[in-house]
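These are the structures in question, set out in turn.
Look at the two complexes coming up: subunit A is in both, with subunit B in one and subunit C in the other.
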Partner chain A sequence: MSTSTPMINRYKWYEIIGIYCGIALFLIFVLSPFVEGFLVSLKPLSRLFSSPYRFWPEHGSFAAYSTMWESVPGFARYVFNSLFISGVATVVVLMLVVPAAYAFARFRFPGRGPLLGAFLAVNMFSGAVLIIPLFRLMRSMGVLNTYWAMIVPGVAFLIPTAIWLLRTYMLRIPKELEEAAYVDGASRLYTFRRVILPLAMPGITVVAITTFINAYSQQFIYALTFNSKTDYMPLPIGLFAYFGRQEVIWNELMAASFVGIAPAMIVIFFLQRHLVSGLTAGAVK
Partner chain B sequence: MNAKKSAILFAWLLLAPAVLYISIIVIYPLIDTVHLSFTNASLRKTYAYVGWLNYEKIFNETFAGVILRTFIWTFFSVLTKMVIGTCGALLLNSAVPGRALFRILTMPPWIVPMAIGIFMWGWMYNGQFGMISGLLQNWGLVDGPVAFLAYGETAFWATIITDVWIGVPMVTLYMLAAIQSVPQDLYEAAWTDGAGRFYRFRRITLPLIVPALITMSMISLISTFNSFDIIWILTQGGPSGSTTTMIIDTYKTAIGSYKYGEGAARAVLICIFLSIFSYAYFRVTSRISMESAR
Partner chain C sequence: MRSVLGQLHLNKVTKSFGDIKVIKGVTLDIQDGEFVVFVGPSGCGKSTLLRIIAGLDDATTGDIVIDGAKVNDLAPVNRGIAMVFQSYALYPHMTVFENIAFPLRVEKMPEAELTAKVEAVAKVLQLDQRLQQKPGALSGGQRQRVAIGRAIVREPKIFLFDEPLSNLDAALRADMRIELTKMHHDLAATMIYVTHDQIEAMTMADRIVVLNGGFVSQVGKPLELYHKPQNKFVAGFIGNPKMNFLPATCTAAGPDGVTVTCEGQTIMVPVEPRNGLIGKTLTLGIRPEHIHLGKGDIRFDVVPTVVERLGVNTIVYATATGAEPFSAMLPGAANVSVDTPSTIGFNAADCHLFDGADQALERRTDLHEIDMAQLAAQSA
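For the complex of A and B:
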């Protein structure tokens, strides 16, 4: 009894069937667009536009994965832009958030609670609400139609979750370590750089990954509004232009989508344990 | 300068970059939105103050309809997300082989670029050749092809379903974390007393996850109310305005028609609604934390 499943968790056979059926239904809902999208990417265009509908591809091939590079000429550039924008945004977020999270985790100062609340409230205004003044701001800063027009507003809305996550992590670092450093005569800045930063590295890594994933998955509205240069378009916008055409070449669009989401998929499988803790802790506000 | 004062100064130095950044990119635009809402700002360099004119203009019948539509859209989306997400969390919490894999498989809609997931739904909703219409026809449930995004009624629900799809993973994983934080010995004590599985769920799990349910509903409410990408990619607010929510309407007015003043008035209204939601959220969460502290 001690080695096998505890009695309390044992299911009757019909309960197990019920659970698996439920999970199957749930996963069908979550995954069917990906399955269908992948099958579409394998179907030749002529088969795609034929009735009656067939779920499994006949004469399936990976041809779309090679022809798409010609149909979507900027594809490699779009993927690079997406990664570049997310990468720079992540670096900027970390530079702002690491000191701020330390201040929130360790120092008592007047107005700490309201200030933390104000940071979290920033998330409320993400997206399109502030689009008009942001547009004017980007224009007066002279950064419209550059990478910065997409990075600068994006960073602001990545900060709240990152601060919250990192603060939670830093609260767990024992205070005694800093006190020992102070006793040895170390300055606050030295203690922050030489004691706290190395200890917080695992937390900073989780925050960096989470921020990068969020930045990569949410590139749309600022890129749509603040940039019209094809050379700087991130993947979602590049494909959106292609998606909006009269005659959409669906199999190539889906092939391009799958190549575009590959980085995210790879990250999920390698880092899923960190991700679950990072993403859900970020949700607890 | 004593030690306490220097600590406070150091804390503010650490905070300064982030505070400055948010002030410029969020606080200033917020103030500017309110300011612009009283002007007739457009593409022209100069603009004049017009008083409450922009607000008077939006309180006509069409916009009242937009507000109502936004609330209905948001309500059904949040409700469905919470129901599916919580059911998913309960299922993934059961001790069956393979659950670690099932949890990973829940994540893709959340992790992949949102726009790309929406493109895939765009194909699924395709009338002539899309999967949903195709399967319904093959099973004989509908007579001809159904172009879901071409009719107001179906487009409205189609955009909700896609929004639910994007929101469900977060709700599921968050609720799963909440369910797993319920102390195991409560279940064991109840089980020893002969309580069945359903009874344990109703009397132990459910009361203890209510705070998480409320928190997650409020977070979903704010993000759903702000939802832009899904509607913009699938329908751009159409057909004939049937999926135009407040945020879409604001964007069309401001960016599409360059009426910055009128757009700003709409944005101010959205901010007021969002503030009410957030205020309610903070009140509810602080009450919950006070009760659990007792």
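For the complex of A and C:
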């Protein structure tokens, strides 16, 4: 039996070419910085600024991927710090957001609407605007120059989006499932654990991934301002170490960037396996 | 199975959502082991009333009493009820086994006992081959059975069903109707069943509660509702096609019945007379199945606009003198055709009479059997 394409998904040959051209254009635009970055990491430093500029590396090698560890001995530590800060931030966000999103999705309480609105409003300020009050806050809490200095503000600014995302997802879980569990004698907590959590797993995964990525990318501003201990510095700050006194070691910098995001990519790859769709099939109707 | 019976009493129950009063005072007694059907048009408050009995919603005022104890403040599980939802509400991430076992897991029943119970229930419901599948892999009828299994595994005193068959196709619905009736007989438990389908109500119920706009319109056995509807609403709601209503003027009332003029002809309808009827405009009701071709105490001509031939009978829709459409159910392949005037008639003994406030004058008739199968065939 041949797999037939539904009528609505059938296109003429020139439409298909058009679609692929569009996709290609978009991908080139998005990916070319990465490609060039990668090619730069393969070039010997001396050849980088040779003119005429060559896109394809001559005498390309992966040498920068090994020398980068020697030029900046603390690099592994920075990668670990980044992962650690983002990981802890993600876990903390999930622990706070999962119950909160459920409450916002299911319970009616005074101030629910304004509170949700306030979360959105908070998101309009970036952490950068609030850096000075945050600094005073961190100082009075005595967490400057610790991991917490980077985790706490990160968490605070990641929670609103996470709540909105997860609340929307939880609203889609049929209410009858909870009512059925309630009729069968299950407590709220039992229902939450046995029914809601498993069904919300894809939503929680999406939140975990976005939170992790955002934590990874936003930590540098907090690291710059709230931390001066080299040992706690995350990856983005670590990359500055490749800016030497006279020259920037571009090829190692690029190599380090790729190595630095690799662990994050691996984490996300494993998380996304939980992104199964159609989990609620057969629940109602 | 253990058969603990539940006796339910509703006392002046009302329910408001904000300013909107949905249940406007319902008092009702349901006996041990009875199969009671709540029937009424969509939005009349059937689900709301069921949810109040279940304990999913609070009554705004009034009491719910089960086995002599007021249960207003008890959680559903402590009321000894189980509920089957219209949408089934199965847990999609759990297997059929775990779905049925859910209430027992909540009770922390020992594993061996739990497995035995779930398997026994699955056998009754012919789900024993499906225990390891997820609900998503089941057909509508099987999902329905899982939902029922989850209810019976706990052996509750009272079962509540909210339109459990409305998502199934006609053939499956007919099968499940029979299965549920059988199950009621086997479990001997009290069952309260909500539907908007009067055929389900007529075929399954020991007693029917007709709800209309938050009030109980009439409570009675199926044949009682069919033969002696207490008001025009029940008369129109029970029976398919709907009862025909014609204007009639009362000319006399005596011990034998009430005499009315309808379609220019005078008949004496055998109903309980009442004072002050003479001269009033009444409504005469006649069921389509009581209309005959060419004969009857009252005869008149109609022009059929639609003729449906169902084999066992022929349904004729026509516009009569009144504004309301007129329908007749004639036996066999009746000799009628569209746009050709036919003379139809009906007998005084088959008539219903309703006063100006749409209340029925009680008929003097036996509750003789009606052909349920034929009735059911109509709706399918």
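Criterion: the second predicted complex is superposed on the first by the 228 of 285 C-alpha atoms of A that agree within 3 Å, B and C clash if a C-alpha of one lies under 4 Å from a C-alpha of the other, contacts with A are read in each partner's own complex, and residues count from 1 in each chain.
In this text, contacts are C-beta pairs under 8 Å (C-beta built on N, C-alpha and C of every residue); 3 or more make two chains touch, one makes a residue touch a chain.
Just so we're clear, the structure is a prediction, and the values are computed from it rather than from any experiment.
In the superposed model, A:176 lies in contact with subunit C only, and not with subunit B.
Of the two partner chains, neither subunit B nor subunit C is touched by A:75.
Subunit A is touched at more residues by one of its partners, and among subunit B and subunit C that partner is B. Within the superposed three-chain model, A:232 lies out of touch with both subunit B and subunit C [touch as defined at top].
With both structures placed on the common chain, the touch criterion links A:164 to neither subunit B nor subunit C. Residue contacts after overlaying the shared chain place A:147 against neither subunit B nor subunit C.
Of the two partner chains placed by the overlay, only subunit B lies in contact with A:213; subunit C stays clear of it.
In the superposition on chain A, A:222 contacts neither subunit B nor subunit C. Across the superposed pair, subunit B and subunit C both touch subunit A at residues 279-280, 283-285.
Here subunit A touches subunit B in the complex through residues 5, 7-9, 11, 15-16, 19-20, 22-23, 26-27, 29-34, 36-37, 40, 48-55, 82, 95-97, 99-100, 102-104, 106-110, 115, 117-119, 121-137, 152-153, 155-156, 159, 163, 188-189, 192, 213, 216-221, 224-225, 235-237, 239-240, 243, 250, 253-254, 257, 260-261, 264-265, 267-269, 272, 275-276, 279-280, 283-285, going by the rule given at the top. Here subunit B touches subunit A in the complex through residues 6-8, 10-15, 17-19, 21-22, 24-26, 28-30, 32-33, 36, 84, 87-88, 91-92, 94-96, 102-117, 119-124, 128-129, 131, 133-135, 137-138, 165, 168-170, 173-174, 177, 187-188, 191, 197, 215-216, 219, 222, 226-229, 232-233, 247, 250-251, 254-255, 260, 263-264, 267, 270-271, 274-275, 278, 282, going by the rule given at the top. On subunit C, the positions that touch subunit A within their shared complex are 54-56, 75-77, 81-83, 85, 87-93, 102-103, 105-107, 134-138, 140, 143, 150, 154, 167. By the touch rule above, subunit A contacts subunit C in their complex via residues 174, 176-177, 179-186, 190, 194-195, 198-199, 278-285.
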